[in-house]
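Several structures are given next for inspection.
Across the two complexes that follow, chain A remains constant while its partner is chain B and subsequently chain C.
Showing the complex of A and B:
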């Protein structure tokens, strides 16, 4: 194979294939065009419990057990004073709110202890990098309040054993960058090693005349590093499409 | 039977939890700054909910960056919910907004849509929300409060039969038929999710219809089943969207219906496998609600994380304040080195080092920039010069504008520029002279005490003397850089042992000799190699001698090397006491993760070559010898004024240099001139 680089046209074709499969598998990928431009990106969101989620606590009387539903991620020590001020502020807003005669009568409401702060929203974007001629994975995680996590906090939500392995992985060069299309801070897996690890896979596929969707194969390598699952069905489907005589492997 | 309080069992609903994606707040900020400005009028926004979550996840109503594009697409297999955004201009307005009135207004609109029949045509109006916000864009604090209005029956909804999971009620065939019927109705309606639908089923068939087709679909009302797209994942409770549907049913058909079967439709796909069999079926008794009744009472304001009725606040300064973003990006970029190349790199040691830069000229500017590159936050400049027209091209912290009107003070201009380059820096400037023998004393020892590393970056030899003495006395690490025309020296001064341990015998390092393996505390300073005391070298000189004339690239090279040397020293477990590496060590195992820790780097630009000499401290040194430090420590200012005001030979007499000179001159009669060059 002369080059393991991915041309932009091929990138878009691969994305289209991935989108079709995702639709069948209901995997949640969508194409997000950017207003006023030809460009766009593949996007998927996923929800994950960051900490072991506690069971819902039922309580009809409304005396909810305060399970301390603060995020497990703490900011630096000099932040704490500020945070205290904020809670005082919010408390004063609370007091006013109750003056506003909103009664907490729990009418027909089943009480669930809020596990929301333990839930993280992950957002993944796949874009094409002209400079590296490879796909690039952008991602971020936020709490249900919409606060983006710092990279430290993201690592903290990964199991320690796994974390160490990921951090030593040759592919996990994570940097913070402004999203090229949205202008918001995102993390990205730097594409500088992409060609290196894709080369043997592409070579093998070519030698064995196997069908291969560059973006899908690449995603199956880099996705799991940042908590993005790529169902195996993508690949079995791909092979079925290529060799209809074969029976479904699972 | 389900609730701890027991009979009679009334239906309870899992409320929505608000879920905001990071992009939502970015978008709200943009809208507030560019479109809304001071406009507080209500705005339409759009959220969505999903019925395919894994167990244990909260029932969410999600708003993402696209929330402001009400006509935009909804994510596949999700149901849209239209809401009203009230963004107030002040925190006070946020607090005093009449929440009860907002809820009642929204509830009335839902009620009107039910009564007029508009809700039958577009049932998504049953699932609306209110979002009250205040965006403090100075602090990037966002206050918000969601409300999911639900109309209530005064007496509650009785459960007739325990809820059951679909697969207990339906056969596998029926489940497949239901799934196909649902997908078919979606396609027919041109959508991927239906919030509400009607259902009839027999042993092997399932028929579905839209809510608006009630009259033609249910020819009799003996058994009525309604489906609701249910975002709740709890097996015993339905989600919020069912509430207003039941009110609609009671209002429209309550007179004919006594009980209703509700299918809480849940449809998830895990690892490419779809399932709806975990959907839940409820049998409920429909309360009476006359067609002419007034709008029922409503509930819906979301509780805060403490479980109390109150707003929420999120602090987004970390991810939205450009200054904070710059800081985290700088730090993250540095961490890349640790992840990829130097896992044992101790960045905190570098970043937290407090650096005093004596001189803010060509060397000072380049040292400061390299320090910033390493993420060093605390940088202090001392310089008494003003920026002149010749400076900006060589001194990268200054611009032409800085030279006008007599020129700005360098130390101050350098601080301003550093702060512009990186607001996270903690820079200070002192517009004062660095005293030298023969110059007036105007220098604070305090400055040196307050810093960890002192950079000597002045353009005269003499001005380096006092800081060398003070820093040696205070055991501060000194990094010294000096330029010739095409040669430079970058060196660390020997770091004296702490006074107490110095009295005891210092164990000698095995293999230590005059030029190799010299431990840090035995290394020389800038003055150790000189056999004359510093005088006023700028006196009686022509202009070209007073100005530093050097090849323009030299200061950048030397400035960068000075900082890199400091970083290497900091990475050594013994810091300034580290044994000096020499040129010969280039092939050996390096002492730190970053490599060698030399005593000196001497560079020769004409040959594009560096050497790494090391030399011992000189016991008659005019700056760091024990007798000078002893006098300075005992007499302090008196000693300094004696040095500065007495004749040139005072220091030479004190240290014994005068005697040495006399001996040398005597020896010269018989011997060749002693080569005082130390780089061997």
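Showing the complex of A and C:
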């Protein structure tokens, strides 16, 4: 069913709508054009404080760096599975604390003494993937001194609840990739299963004749996984704006 | 198709004589001898340089060693591009062997992806193949394969086993005769003249009128400057696997025969040497 794919022109239209709303809500998104072409990307930066540590606290390491193949194995957890995962999580956090204490004297650059947090600059880009006909989220983070965070540090700065969710999520993987327009290393949420998780949402919207901004809806699913919050106001606003006249043919 | 199997072999077994030298700033116990290797064009730098690493590490203290990376004449080399692409893009028209500088310090975070293990290369390779199949067959062929088939593609590349790789890869090259080609051609056009690393868009192998698109048709749309106007001197070379294919070559044929194992047709556009 082709209606689950996003065409490039629609992507641009969705981005324009998102930008307008972002302006009203002061959410900080901007459009960065690529010189000499129609292409470009949505960009937002955010400052956040986080405790960073490069300790491999997380049993997840394998699946972070191994990409695709692993994630598809995680189906939604049943009750028992969830309980087990929780205990793994607790164990890893404990391990983190212990490691922190043991290595405190180590002068490894990444070590931050337990409990102290640091301000990090996050940068998020939304781009169109012509291979998958979906939006893709690219992101990176650095310290205020300009040091880029590694993949491990990135994971460790994600809230444990979301780490758990990512681990169990069948549709996301984080890998380091080259930014296709800038040529610099970024982290990327792989788009290969986007169509799959967007399909029911799009279908429901279509059945109920609700207006839907593909990019916004997609972002509200993937953003929070990597610390990017999408205010609820985007959605309420969308309904108000679009309800009086809706002419789009199905 | 069967007659063209020689082309597949020639592409697979393409080699570049390379001389690795250690960056002068690295601290060694005695002077480091250069290390020579024949690099497979279709592989990845970090996949085939274990021996280079061992060779130089013998002379160094562990505390002086960080992640290994490569540089050619001031340009950090992106390991995630196939070796042949790096050579064509940065070192075409230079004297062989290709001289690459090896670093173990000051990893350029802003230029290069980290490559802590072969599983990262595998993930990158498989993700390229998946992306290519999304373009060619809406991911149907790659998704219908079993996990062991995916593994066989990777092991074929890793162990330089042509037959092992192609036993599976030929399925990724199939298309229905009525369509006359893939849905879209997975290609990337590289150049070093701007910051943008490559151009990658949707492009069909056959025109709406049913004519086969050629390399020239692709370039006209994606990079018109690469095609000289009539009466003008040629400014750019269009290089695939170290050769300049005729611009009249059908794109579908190029995609089937001159793609890298990652299933992308990597095209380098480089300025004609001025001498």
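The rule is short, and it goes like this: the second predicted complex is superposed on the first by the 170 of 250 C-alpha atoms of A that agree within 3 Å, B and C clash if a C-alpha of one lies under 4 Å from a C-alpha of the other, contacts with A are read in each partner's own complex, and residues count from 1 in each chain.
One rule holds for everything that comes next: a contact is a pair of C-beta atoms (placed from the backbone, for glycine too) under 8 Å apart; a residue touches a chain by one contact, two chains touch by 3 or more.
Just so we're clear, the structure is a prediction, and the values are computed from it rather than from any experiment.
Contact with chain B, but none with chain C, is seen for A:231 once the two complexes are overlaid on the shared chain. Annotation for chain A, partner touching more residues between chain B and chain C: B. In the superposed model, A:182 makes contact with both chain B and chain C.
By the touch criterion defined above, A:148 reaches both chain B and chain C. When both complexes are overlaid on chain A, the residue A:34 reaches chain C alone and has no touch with chain B. Contacts of chain A with chain B, set against its contacts with chain C after fitting on chain A, overlap at residues 66, 69, 147-148, 150-151, 175-177, 182, 184-185.
Listed in rising order, the residues of chain B touching chain A in the complex are 3-5, 10-15, 17-26, 52-54, 56-58, 60, 62, 64-65, 75-77, 91, 94-100, 103, 141-143, 145, 150, 152, 156-157, 234, 237, 243, 269, 271-272, 274, 297, 299, 301, 303-316, 318-319, 325, 328-329, 332-333, 336, 339-340, 343. Those residues of chain A that touch chain C in the complex are listed here as 34, 65-69, 130-132, 147-148, 150-151, 175-178, 180-185, 190, 192.
For chain A in complex with chain B, the touching residues are 23, 25-28, 30, 45, 47, 49, 53, 56, 58-60, 64, 66, 69-70, 75, 82-83, 86, 89-90, 92-94, 96-98, 100-105, 107-110, 112-117, 119, 121, 123, 140, 142-148, 150-151, 167-168, 172-177, 182, 184-185, 229, 231-234. Note for the complex: chain C touches chain A at residues 78, 80, 109-114, 116-117, 119-120, 122-124, 126-127, 130-132, 134-135, 139, 147, 150, 186, 195-198, 200-202.
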